[in-house]
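Here the chain labels run A, B, C and D in written order, and each chain numbers its own residues starting at 1.
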């Protein structure tokens, strides 16, 4: 078994009522890389993501993580073995404070969840960890705000904070910049970059904005109609004629050719 | 103003809340008669909510919506729709357990609507005729999208609100869809939400850009295509 | 293999249940016993179905779990019983209702003139309170001392007729005074209910139409009151079969109106608020039964005499003979079976077919099926979904009430009857899958069978291993055991046999 | 160093006091109540030996003093029951319509075990009640927690109704007394609420305080925080690594045990158990207490229990037999006009309760 491979899928297929949303995807992601999956809306990126995070089960095919078959492992177990994911649609605990959101995530992977005889305030380590993470993602000044009152960009940062709190080896980020104002995006990308460099994490990123991913990714996979169309370094992808034709070509052809 | 420039729909500065969330904070859109107008903007900017607010599914708290010269803001959706607005929602909202025929028949406002428009509808989407007896849930994504558009064509609608018709479709099907919509525009006025800028730029006459719940820019599509700075600023480089 | 099981879980589950229920049983008993138990089971299933189908339809369309459904069943039973035996009640109460409706309708036009003058929120609140107090106190004055319990007291003669208690009726003059006061009370209620904002948007009928409708309502009410003595005699002289039909119709209408009242009063203001709806119907289920007890008395009434069609004390050899003899029982494989119970089964089947056809074949049915999947989209097609909701609520409630009327000759009439049927209906829809019409039918059949066979075995005794004596029990054990079937289904398929995935 | 340490301990003790003083005040009043009542509304004739504490105690065992102690005993018992229900509904977001199942089973278990069939001692029976409740809540928790929302409401209702039917059935008359219930089973003399009302009062108070402290500790523990997270957004709680089923089950079991204890106390106090203890009506009572008081707080259910208990007493005096009708109507009016309950409405500015309620509604709507 190759130790440098963190997660691997083999012939993953997911069929929704006749539609082959994910159609035989085999992909390997190496440790401590930032691997991006791009593709047009409806290409099956999010479904593929849900298969990686265990939210849905594949119709056929297998997922291996650190060499172990995790195809049938439920999502809450995946958090414990080091897989964390963020959601495209913001999905936080809206009525709990920002701090509590992150604290819960830190607690989740600790071993004190069932200590129902002790006051939660005794477990300083989770709170301290949550504070540190909020510092890292730039929410330190809003710890006591209910999460629903954060602006959209703040919620995306919180989403990332929740993810980091469980200290995962593999971060699955589903369009982390979705719906963010243009000015806020570089900040978030900066956070992602710093997480990757300082935390020695592996990141799988789904995006459909090409320009964002070109200079942060180590590798890029292109999905199209449920299938893996191409894979390679950003430069290879940019030069790949199939990708040009099927993904960039059809949709962006006029602009790229016209200018 | 020339009579052809009359606006079928005018949305003026609407404010919409969903629960405690302030989703739309001042959206204004004008849809001239016979045109295709497109709403552009990022995910979560409020485009879908704008369509739903026009129809009355998420009634705006303030502002005005004028359809055919009549104020319709605050009316329940079924009454607005019955005035002649067809809606093709995001994710199509096909009735999965109803057959294709029933999916069309349910949209009739007067009996006989379907019989009158049958030829036109099946001319646009010949596939549907073949599938007429199948349950809507058994159709492929593209076929469902066609059915959703066809359903909005059954009654006499003066305005169609179409939400992301290209989402999740294969390029071939997108082409078909574009073709159908551009043929449609000869008959009705269309207000379109579309993420796919190329599709939008080919179809639309006018555009309105929505950013974080506010309409920030609108004008002729032809002008926007050349305005690379605005494209960069509002829609992101890739688009 | 596992995927085969997963895909055909519904079918396998039904087969498993059928085998469990019938498999062991048919060997050990004679066919005639078996058939009569089956028929008993179907009788129960039919009654359960009348309650469960409405519950399930309402839930499927509008996500409302109506805990007051059992109250409607009881209401139907009491209204049916009174129509059948004691029409005097209606000749004395219906005029009051008609008068109230007439007054409320007319007063809506007054309200239209009234509300524009009340422009601040605060004044509106004040006006609300004043109007509510006025309506309440006038109504109290109007109905104070109304001899409702006395009107309801009657004895059943040996031949099945009712002997109403003498002097229960109030003098005509008194009744007219009440009518006048009720009409007065209708005015503030009408003003309260009239639309306040955006009046141009909510069109009222032209005033002459309202006047015509409410005028005729008032006239009908007064006429009913004037003919109350002759009317009663005429009613009681009608053939019992016809009176029974009338009882079913009156009961169903009462249930449907009750359903509309629940929907508009307790459900509609709280859409998107399922906990409040649930808790409110729960509150109504207490208050409603108490109200019925207050009006009709707490004690159980003996079973209503079945119509003469099923009433001759004889036993027909075949069904064909029954058509001429109208015996109360018929020979099924050499065993007598009450014909009235067969009638219950027929009603269940007819209702199933009729509602099923309505759902499949009519435009209304199409809209309901579409609404179950996506009511917002139905709305967006220009269809007034709220009105469909009210209609379905009325339909479901009417069916439950009809079940109550039909159960009356079989079970007797008592305030607690609704709770029992509602519980079994809940269990049936959980088994069948919430929101599924077919599921409600299958669930109720499973329950009916389980009850019937359970009753039989519990009474006949069960040989348990390691025990010499036969273990016997009461029907209560069989009743409780239906919960076990539900638990079994939940373990295998949490969404019920025909339920959609969550 | 030493100095700073002592000041922090000092200030933290002070902070605690500031936080806890309302509770302590109420507790103090409850502790002193029998004496105060004895001094004011007790029957002076009941005191035999002149003056002093013992005479006060004797006066507390008489007349209105005795009656109002009984009222508070019942309020406290229902408060335990309501707090346990709030643990389910208010904290974990589980809408159960079968909570009376535990209350009734606890009562019946106590009555049967100390009754003539078994003749167990009070302590043994209490232990058995807890064990039975544990087993019962585990079994029915595992079964009903497979479904959510209104399904769960219906399923729990059906389970509870099964117990109700069995309790009413004639088959077990020897043990359960069928529809009559059990009355006059041999409560140990030292615990008799008729002879030693004040003693029973303090026993109930101890149980109540213990229940309050334990449940408060539970909801403030890491486990309790996960329960709240489950209520708020179960899907997300799963995604960050919680197996929410276990937390829901924990809440279900804890709630079941406390409800059973309340039922056992009630049986001891009234020296009678009837099938109505297991009925839907009893669940509606506790639901009303929780909703009226305010969900998601512990003070709410206690307040709700007091209000419902007193309201029931007054309504019965004013309206006679038809008081349940008035109660039902009042219940609906309160739900309509005070949807967040009293404590919730008072704290309307604190977002948790209101939105917790909304959240719960959304979960139930299946969104």
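Convention: a residue touches a chain if its C-beta (ideal position, glycine included) is under 8 Å from a C-beta of that chain, and two chains touch if they have at least 3 such contacts.
Here the structure is a predicted model, which means the values were calculated and not measured.
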Self-check item: Third chains touching both chain D and chain C
Solution: none
Quiz prompt | Between A-B and A-D, the pair joined by more C-beta contacts | solution = A-D
Practice problem: Could you tell me which chain lies farthest from chain A when each chain's centre is the average position of its Cα atoms? | Solution: C
Exercise. Could you give the separation in Å between the centres of chain B and chain C, each centre being the mean of its C-alpha atoms?
Key: 44
Quiz item: With chain centres defined as C-alpha means, what is the inter-centre distance between chain B and chain D in Å?
Solution: 55
Quiz item: Where the CA atoms of chain A average out and where those of chain B average out, how many Å apart are those spots?
Solution: 32
Exercise. Would you pick out the residues of chain C that each touch at least 2 other chains?
Key: none
Quiz prompt | Overlap residues in chain D, where contacts from two or more other chains coincide | solution = none
Quiz prompt | Pairwise touch network: line, ring, star, complete, or other | solution = ring
Quiz item: Which chain pairs here would you call touching?
Solution: A-B, A-D, B-C, C-D
Quiz item: chain A touches which residues of chain B in the complex?
Solution: 20-21, 42-45, 137-138, 140-141, 164, 166-171, 174, 195-199, 201, 211-212, 233-234, 236-238
Self-check item: Interfacial residue positions of chain D with respect to chain C in the complex
Solution: 95, 143-144, 146-151, 153-155, 157-159, 161-162, 165-166, 168-171, 280-281, 284, 287, 291, 322, 324-325, 327-329, 331-332, 335-336, 339, 357, 360-361, 364-366
Quiz item: Any idea which chain C residues touch chain B in the complex?
Solution: 198, 201, 363, 366-367, 369-370, 372-374, 376-386
Quiz item: Okay, in this complex, where on chain A does chain D touch?
Solution: 53, 55, 74-80, 84-85, 87, 91-96, 100, 103-105, 107-109, 112-121, 123, 146, 148, 162, 165-166
Quiz item: chain C touches which residues of chain B in the complex?
Solution: 55, 57, 74-79, 81-82, 87, 89, 93, 95-98, 102, 105-107, 109, 151, 155
